[in-house]
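Note sheet for the following structure.
A, B, C, D and E are the chain letters, set down in written order, and residue numbers restart from 1 in every chain.
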Amino acid sequence: MSIIEITGVVKRYGSVDVLKHIDLSIASQEIVFLIGPSGSGKSTLLRCINALETVSEGDIVVDGLSVRGGKAEVRKIRLEAGMVFQQFNLFPHLTALENVMFGPLRVRGVSWRDAAEIAEALLIKVGLKERMRAYPSELSGGQQQRTAIARSLAVKPRLMLFDEPTSALDPELRFEVLQVMRQLAEEGMTMVIVTHEIRFARDVGSRLLFLDGGRIMHDGKPDQLLSDPPSERLRTFLQHVA
Amino acid sequence: MTFDWSAFFESFPGLLYGARVTLFVTLVSLPAGLLLGAMVGVILTYAPTPIASIAQVYVGLIRGTPMVVQIMFIFFGLPALMDVRLDGLTAGIVALVINSSAYLAEIVRGGLLAVPRGLQEAGLAMGLRFGQVIRYIVGPVAFRRMIPALGNQFVIGLKDSSLLIVIGVGELTRTGQEIMTDTYRAVEVWFAVAIIYLAMISLMASLLKSLEKHVRIA
Amino acid sequence: ADQPVTVGLEPANKPFIFNSGGEYTGFSYDLWVEIAKEAGLKFEARSMDFSALIPALQTKNIDVGFSSIFITAKRKEVVDFSDPYYMAGTGALVSETSAIKTLADLNAKHVAAMTGSAQVAWIKANLPSAELTQFQNATDAFLALQAGRVDAVLYDYPTLAYYALTEGKRKARLLDEHAGEDYPVGFALQKGSSLVEPINNALKKIRLDGRYDALSRKWFGKTGS
Amino acid sequence: MTFDWSAFFESFPGLLYGARVTLFVTLVSLPAGLLLGAMVGVILTYAPTPIASIAQVYVGLIRGTPMVVQIMFIFFGLPALMDVRLDGLTAGIVALVINSSAYLAEIVRGGLLAVPRGLQEAGLAMGLRFGQVIRYIVGPVAFRRMIPALGNQFVIGLKDSSLLIVIGVGELTRTGQEIMTDTYRAVEVWFAVAIIYLAMISLMASLLKSLEKHVRIA
Amino acid sequence: MSIIEITGVVKRYGSVDVLKHIDLSIASQEIVFLIGPSGSGKSTLLRCINALETVSEGDIVVDGLSVRGGKAEVRKIRLEAGMVFQQFNLFPHLTALENVMFGPLRVRGVSWRDAAEIAEALLIKVGLKERMRAYPSELSGGQQQRTAIARSLAVKPRLMLFDEPTSALDPELRFEVLQVMRQLAEEGMTMVIVTHEIRFARDVGSRLLFLDGGRIMHDGKPDQLLSDPPSERLRTFLQHVA
C-alpha cells in the first residue's frame, strides 16, 4: 500500500500554477529523489506533503490522513512525515540535545528522562556524541544538519522529507550528511529527497522524478534516467548540474 | 563666573532624594510598560486584522504625540473626563506605562517578525501547535534578540521620567529646579543633575550589558 | 476629616513658599501649617507649577492650592477662595544697570512673566508692543534677567522686593510703580469646597491671637504687608 | 464634564500659531543636527581612536542625560559660564541640534557599518582611494538605507521640540498650556494640541514615505 | 617573464599562520586554478595578491609592483589585477551600466561618454545587452556576476583574480558565468581562479594548484593531477567535491 497518495494536486499562487495537476503515489520504503530546475516546484511539492502549504486543488493522503482534514489531522501528518530543510532551522536558543529532545517532550509528551534518552541515542547515531551540549552557533553546518535530521527522527516519523539538505553546506561537509541519509535509507526509512547531488541519487535512490514547470516530466529508475536521459530537457539539465 | 563647589556639593542630598523618585517611577513603570507592550506587540503581529488595527491605532496615537502632551492630558484631562483623582506621581507612572508600551510593542513586533520563518516552519513541521511555536520557539528567540532594544527603551524611560517635571512630580529634574529656587546656582545644580543621570544611566547600561552576556544570544 | 487633604503648592516664590534644604517653608507655607493645625486638617503637599494649580483644583487632583494667588474675578468663576490673607500688587524688576525707569519704558522691551499669572493678562493689555516670554516659575525668570536675556520681570511686588534685597542685590533693581491694581491673595479651593468654612475660621482665629503677626514679623520684619 | 466644542475650536488659531513655531524650530534644527550628526558619525566610524573617543564621549554625554536637563543647562547654565546670551528660541534650537546630532551620529555610524564589507573591498580592488569608496559607494548606499531611521529621528525631533515648554518658547505645547491657564479648559485644549501634533506627524511620515519610495533602496 | 612573483609569503592572523611560506610565480597568459579544502588559505592568497590583505612576511610583485610599495603602488596593482568575488559585490545604488562605468570614470579618469562606450561594449560581451539599465537587485545571480566581471574588466586589468565566482549561484546559472570566463581565457587573459568546479578547471586550466593548510601541496597540469591524484589527501578531497 502506498504511504503517500497525491491525486490531482494543483498549487496556485495568485494566478500562477506552481504545481500543475500532480498525481503521484509513493510506497513504503521507497527512496524517491526529486530533481528539476530552480522554480520547477520541488520545494512546493514537498511542503504540500506535510501541509506547510495548502493545496489549491486535489488531495494528498499521507498514511491515511488527508492534508485537507483539519488542524488535528494535519498535525498527525506532520508527526508521520519528518522534514529537513536546506537552512537547518535548528532552534538557536537550545543545545543540540535540547533541540532533539524538543519534539518528544512537547509533541509526544514523553517524560524528560525518556526524551533525553531518545535524543542521546539519535545524536550518537548521527555522529554527534561529543557535541551534544553545543549550541547551533557552535556547530559546523554539517553538524547542524545532522542535528536537524536527528531532531526530525526523534518524533519517530514513518517517512522523511528532505529539501536540498546539503546545498547550504561546503562540499567537504556534505559528505557526512549524505552518510547519515544513506544509513537511514539502508534501515528502510521511506524518503523523499530534493537535491542536486546526482551521484548520490544514483547510488541511493530507488526512484527518480524530474520536475519541470510544475509537472512530473519523468518518473523512473535513477540509473536509467541518468545514464540515458529520455528528453533533451533532462539532458541539458544534467549537464549544467553535474 | 566661578564654579561654586559648595553649592554643587550641597545640592546632592536633595538631588539624590529626587533621584530615588526617578528610579522608583522608572522601575515601576517599565516592567508594567513591557507587559502591556508585549501584549500589544503580540496582537499587532498575530491577531486578525480588526483587532490588530485597534492596536495599531493605539500605538499610532501614542507615537504621534509628544509625551509632554500625554502627561498633560492624563493629569489635567483624564480626571475631568472620567472623574478619577490622580496625583502627579500616579499620573506620571500611568503616562510612562502607556507611552513606553507603544514603543515596546513595536520592538516586540519587530523582534517576533525578525525570527527566521524557518524556525516557525521547523516547529510546525514537528507537529507543534501554532501557540506552542510562539511560546517555546519564536518568543524565546525573539526575546533574546530584543534585549538590547528593550534595554535601550528602559534607558529612554528613565530619561523620559524627567518630563514629569511639568506636573510637579518631585523627581530628579524637578528637584534640581526647586533647589535652584533656593540657591540660584544654575550651572552647579544642572551640572550635578546631569552627573546623577549619567551615573544612573551608566549603571543601567552596564547591568543590561551583563544581562545580555548572560543570556545566550543565538 | 481623617483623609488628609491634598495641597498643591508652588515652591518657587521666596519668601512666601520655597524649598529650603528639602523642607518647604516661607510665610504662606507657615501660615498654612498653622491653619491646618487649627482646623485639624492633615495634609499632603504636592509641588507643582503655578500654571497647574487652578487646573489641578478644577480636576479635583488637589483640594487646596496656594502660592500667592491673586483673587481675580476670572479665577472665581472656576474655583473658590478663602478669605484674603494679604494684599499684593505687581512690580517690575530690571537689572541694576538698566536704563528703564518707569513702567512706560517697558513697551517694546523684552519682559518676562509667569505662565498663568495675573501679570500675563496685564502685560497683554497694557504693554502691547513688549515682547513677552512666559516662564514656568520666578526662579527661571530671575536667572533669565541675570543672564540679560530679558529686560524686566513682572511679578508679585513683595517677591520681587525680597529678591532685590537678597540674591538680586547689586544685580537687580525694582521699579517703584505698581503695575495695575493690587489684589487680595488667598488660598484657592475647589468650586463648592467644604473647606472654605473651616479654613476661614482658622484664619480668623490666627489673625486674632497674634500668630499671624508673629509670622509676618518672622518673614517681613514688620507687621502687615 | 461636558466637552465644550466652542472652547475646542476657539483654541485653534492660537494653537496653529504655536504649531508654526514648532515647525520652524524643527525644520531649522534637524538639518543642522543631521549635518553635525553625519560629521560625528563619520568620525565615530573611521577616525583614529583618540579622535573617535572624543566623539564617543560627546555622544555618551548627550545620550546619557535627559533633553530637559540639556535644555536647562544650555538656557540657564551656558550664559553664566560663557557670557553668551541666547534667547529661548535660539537656546531651544541649539539644544535640539545638539541632542539630535548625537542620535543621528549613531544612526550614521550604524548605517555605514551595515554596508556589506564586500562593497568596500570591491571599490578598493578597483583601485579607488579609501575616501572615494566612502564618498561614492559606502556613503550613498548607507544613506539610502538610513532614510527610515533618519525619518524616525526627525519625527522624534518634532516631538522633542515640545520640551522647549520649560524655557518658555512659544511652540505648540507651550501655547496649549498658556491657553489652558487662560480658559481653564484642559480637556479641550490638550485634545486640540494632540490633534495638531498627530496631523503634523502624519504629514511628515507620509512625506518621508514618498521620499523613501523615490530613492531606490538597494 | 612572470606577471606574479610570490616569494616567501607568510600570512598570520594573531598566532595562526594561514599561509605558510608560499613561493609561486605565474607567467602571463597562464590560467591557474586554485583548489583546496575550506580554510586552506585560497581566498587569503588571492586577496594578498591584490593587497586586500597585507602579507606578514615575504613579498608579492605584480607586474613589477610590490604589495609592500606604499599606497600609490598598491593602487596601481589593483588596477592591474581585477578581482571577482563570490558575493558579486555590485554597487546596489547603480545600474549595471553605471557599475561598469564607475571604474573608468573614477579611477581611470575617462570622460563620461567614453566610460559609457567601454561599459556598453563589455556588457554586450558578457551577454547583458538587454539588461544594462537594470539595478543589481533586478538581476539574477548569474547576471550580477557577469556584470561584476565586466566591471573588473572595465579598468583594463592585465590579469584577473576570481574567488569562487560561481559558488553563490544556482547550478543552472553557473553555466553562463563559466562561459564568460572561458571566453576570457581564450582571449589570452591571465587568470587565477579559486573554484570547486573541477570539470571546468580540467577544461580550461593550464595549471592547477592544490592548497592544503596554507601550503601549496601540488602544482601541475590539471589533467594529470585530476586523473591521477598524486596524494591520498587530494584523492579524498576530489571525491568529496565532485
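What we mean here is this: a contact is a pair of C-beta atoms (placed from the backbone, for glycine too) under 8 Å apart; a residue touches a chain by one contact, two chains touch by 3 or more.
Model, not experiment: these values are computed from the prediction.
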Intersection of contact partners for subunit A and subunit C: B
If a chain touches subunit B and subunit D alike, it appears here: C
Chain hops separating subunit B from subunit A, counting only touching neighbours: 1
Top-ranked pair of chains - ranking by C-beta pairs in contact: B-D
Most distant chain from subunit E, judged by the mean position of its C-alpha atoms: C
Distance from subunit D to subunit C - Cα centre to Cα centre, in angstrom: 37
Cα-centroid distance, subunit D relative to subunit E, in whole angstrom: 46
For subunit C paired with subunit E, centre-to-centre distance based on mean C-alpha positions, whole Å: 82
Sites on subunit B at which at least two other chains make contact: 76-77, 80, 166, 177, 180, 186
Contacts with 2+ other chains: residues of subunit C: 55, 58-59, 140, 143, 146
Which pairs of chains touch, using the document's own definition: A-B, A-E, B-C, B-D, C-D, D-E
In the complex, subunit A residues that touch subunit E: 37-38, 170-175, 196, 199, 237, 240-242
Subunit D-touching residues of subunit B, taken from the complex the two chains share: 1, 61, 63-69, 72-73, 76-77, 80-81, 83, 155, 159-163, 165-166, 173, 176-177, 180, 186-187, 190-191, 193-194, 197-198, 201-202
Footprint of subunit D on subunit E - complex, ascending: 50, 52, 75-76, 78-79, 82-83, 85, 87, 89-93, 102-103, 106-107, 135-137, 148, 151-152, 155
Subunit D - residues contacting subunit C, complex: 75-76, 79-80, 85-88, 165-168, 170, 174, 177-178, 180-182, 184, 186
Subunit C residues within the subunit D interface of the complex: 51, 54-55, 58-59, 78, 112, 115-116, 120-121, 133-136, 140, 143-144, 146-149
